[in-house]
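Just dropping this structure here.
Chain lettering (A, B, C and D) follows the sequence in which the chains are written, and residue indices restart at 1 in each chain.
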Amino acid sequence: MVVRERLAGEKLAVELCGIALETPLIPASGTLSKEALGEVGSVYGAILPKTTTPRARAGNPPPRIAETPAGMVNSIGLQNPGVEKFLEGLDAFDLGVPIFVSVAGDTVDEFVALCGRLAGDPRIAAVELNLSCPNVEHGGLTFCAGPASAREVIEACRDALSSKPLFAKLTNEGVVANAIAAEEAGADALTVINTIPALTIDASAQTILVRGGLSGPAIKPVALRAVYDVSRAVNIPVIASGGVSTGTDVAEFMLAGATAVQVGTASFVREPEEILSEFSEYLDRMGTTASELTGAL
Amino acid sequence: MKFHGVKIEDREWIGGYTLIRYRWDGAIEPGQFAMARVAGYPVTFDPFLARPFSFYDHDGETASLLFEVRGRGTALLDDAPDRIEVSSPLGRGFRINGANGPVALLGGGIGVAPLKVLSRRLDALSVPHDVFLGFADARYAAVAGEFPGAKVATVDGSAGVQGTVLDAAPDLTRYTAVYACGPNPMLAAVKRAAGEDAFCQLSVEERMGCGNGSCNGCVVPVRDGGYVRSCIEGPVFDAEALAW
Amino acid sequence: MVVRERLAGEKLAVELCGIALETPLIPASGTLSKEALGEVGSVYGAILPKTTTPRARAGNPPPRIAETPAGMVNSIGLQNPGVEKFLEGLDAFDLGVPIFVSVAGDTVDEFVALCGRLAGDPRIAAVELNLSCPNVEHGGLTFCAGPASAREVIEACRDALSSKPLFAKLTNEGVVANAIAAEEAGADALTVINTIPALTIDASAQTILVRGGLSGPAIKPVALRAVYDVSRAVNIPVIASGGVSTGTDVAEFMLAGATAVQVGTASFVREPEEILSEFSEYLDRMGTTASELTGAL
Amino acid sequence: MKFHGVKIEDREWIGGYTLIRYRWDGAIEPGQFAMARVAGYPVTFDPFLARPFSFYDHDGETASLLFEVRGRGTALLDDAPDRIEVSSPLGRGFRINGANGPVALLGGGIGVAPLKVLSRRLDALSVPHDVFLGFADARYAAVAGEFPGAKVATVDGSAGVQGTVLDAAPDLTRYTAVYACGPNPMLAAVKRAAGEDAFCQLSVEERMGCGNGSCNGCVVPVRDGGYVRSCIEGPVFDAEALAW
């Protein structure tokens, strides 16, 4: 490995679908609120707020979260004020870095309408389709339950978004087949993975505690495999999500093939700044840069 | 979420509860809370989440937390040799409405925690107040010794009157303000007992993920429909705002 | 909950496909060697050795294991001496409790031949088909990659085994559809789940460390959901596997619907005896018995 | 796997290594190992696995482990206030072939660990032996002070001769037995240097899951084909049995 001297900026910078990111870190959708923006400083290369939907959603009744070994299960139910209120408040997310917006609908038409609504907003650098929400037209299976339904929604959204980059966020189940379909359908990048379906039970109360998605360090090896396999199956950039908690984790995901890396649950227990500085130290130790790391395995 | 390490100055066991003190000179409002955990990240990620605790007391130099050991998070804090990590102060505390009393403070079980610093603040403002505390049994009720003059109830009758905290309290409608903390069913009962027009503030207890508004995990249902986050809009709410 | 007085034996006993088990715990296949049998005393209701195959298998080159947050990834590659040597040594596993045998083949015919070989051996109380091994006739997809291939191998093995109970061990991906197919094909019980595909990377060496299956506490919430969903989809008993590490975990899996519970990776770091005694204390505290717990949620 | 808690009697830092001692009166063979971890299960499951360590010394009452901090498992053991958990003694140690010497002991880096108790055993049997140790640099080489008369090599030449442990050793074929512990590439080099017919025993270093033969994770390739478990059939093997 050749040790080179660089500006700190160059060291951490990456390019994602033509968008320059000062660092490869992005907050995972649904894990960074407006109120917490003050804590993230210049850690993130882009900002990605919680998924927005056509209309306001109240979300699920509590309890919504439960801790599990090295992770947590959540069932928030996409609580959000709806896309119009969301756009009214979007300026709060302007930290001087690109803003990506995550969207979800109950039907393909809703996805398309959301993309149409966002297509002309110059504040938005790219749109991430949250395809792990249930498709009410297909018996509650998620939009990425299989290649056919993933393809359908992505093709339609690709048109609706005109020139804005489209990221398709996929779940772990069947991820490689869905990734190939998503690329063919015109996705510009793939976010891999979302939470893994899981359940927690309160044995003392003999009740279900939370039925939802598992996230956190526990799922990191599963996400790493998905990112690695998907990176080798497609030619578009992969954005990693799943258990990233340390700078070494960031390096592992980039080595596996990711161009950018989302930090989700770990930001509840660590400062993202620590993760970035660990990653920066890793780059120094190895005498390399973030962009050189992608797929360097 | 940013955590900082603090050194535990001392640790005391009062009845069924653990009291820890650490030096901390920031300002807090009564009812605000801290997320706390034992040190160790990123060497260990299990247990994963920090736990929320009301500030029990704070004299400008030393903060204290009072807690009950329920599961592994509190067990580790109970054991932690001398350093823990905290993120604080978080949330919105009790609002003091300027009426000059008398006001009622009600605590159920470990819900006693935020009442000490609230009582201290009321004293500073010369607002007369009565404290009513309910516990499972005499062992837990021992903490009432920290609240001179408090009326106590225990479920098993082993200390104070037999019953819940409301059995120890008189008609709540005669107070100009009612403040309560405890399990959600107790809070709902206090809300009813305080009456429709009361100035009544409740500190709710929900499971928390982040403590900074990011996860939407800690919500309570509100009268206007939907849910709000208790770590940001709470943990103290006007009783009338809650949908229970 | 009515508190009753019982003999310890009655408290822990369960019945699985007509087989009386003194406790609901079973070692997960591949996690208890002959050499370690001395440590397990009378903890287990049945013994289940590592999967055996028609011929000896050397297994994969090291490194074969890597630690992950609250878990580990393994890629052993079914190292075993082959079914004949296995049967020669089977008496070593006789602790006076029923012996279950796990088998795997590269083709349906190999599975059938293995079942035929075991069908007449009176020492064997039941056979578990390890369906997460690759099916060489179907491009390396596992036997439980989908309902059709699961059905094919189970139907064939059901015949070959004559009257011995057949357990089908399923992976997490597509587990409910596979479970329904397995029941229809004649499985007598289902073991849910196997390890979850995962990858570990050594960031310092910039190499893949282990590509294999994730096990341990990290996967418990995922396994719990699989057990819960499968229990509600089929009418045959479910045997839980995945992250069981404490007595409370055993209770959670039984509440979710399991009739028996396998202890795997956790036995590397805890004594199975501790897990059983925690479970026994749980039953006392709740005033219930193991068999009453199944599905009591 | 059964672990038992032991109290650390003392802790010493020798060069780049940590030495911990605890009371333990079982018997061990030189080359046997312990699985060790900080206490905490089932309150925490991260880190998940225990780590293997050769017994460094054992005088019948006190056992000691010498280790290098590499990752989080060893970092925690280095920090652990006063109690750790161990499972031991495990594996097959060095076989002493009855020849009356001289024999050679070679250690590479932390591979020095099992040589102390082996040297003690050889002393007891009055078998003359020479010790050769290789380290990265002088800081690590400081532990050679524990082996009076040992010849030392360092990769950077900051102590002893410059090179690997084999550069510090004379022709190994003149010894009646050769014992070595260190990274696998070093062991392969020792095997070659000892020659075909030598009585040469190597303590291998593989990642371990269980330590009791259950996981098949710790295997080494053997000459007869296939793999054997180093926690049961090893960690010490006859050099000729290994396929490298």
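Points worth noting:
As a convention for this text, a residue touches a chain if its C-beta (ideal position, glycine included) is under 8 Å from a C-beta of that chain, and two chains touch if they have at least 3 such contacts.
What you are looking at is a predicted structure, and each value in this text was computed from that prediction instead of being measured.
Common partners of chain A and chain D, by the touch rule above, are B, C.
A straight line joining the Cα centres of chain A and chain C is 34 Å long.
With centres set at the average Cα position, the gap from chain A to chain B is 36 Å.
Chain B and chain C have Cα centroids lying 45 Å from one another. Shared interface positions of chain D, i.e. residues touching 2 or more other chains, are given as 45-47. Across the assembly, chain C contributes 68-71, 216-217, 245 as residues in contact with two or more other chains.
Chain contacts in this assembly form a complete graph, since each chain touches every other chain. Those residues of chain B that touch chain D in the complex are listed here as 43-47, 72, 75-76, 81. Those residues of chain D whose C-beta lies close enough to touch chain C in the complex are 1-3, 37, 41-42, 45-50, 73, 206-221, 225-227, 232.
Residue ranges of chain A in contact with chain B, taken from their complex: 30-36, 39, 50, 56, 58-59, 61-72, 74, 76, 79, 216-217, 245-246, 265, 267-271. Contact residues on chain D toward chain A in their complex (touch as defined above): 45-46.
Those residues of chain A that touch chain C in the complex are listed here as 68-71, 73, 173-174, 196-201, 203-204, 206-208, 211, 214, 216-222, 224-225, 228, 243, 245, 248, 251-252, 255-256, 282, 286, 296-297.
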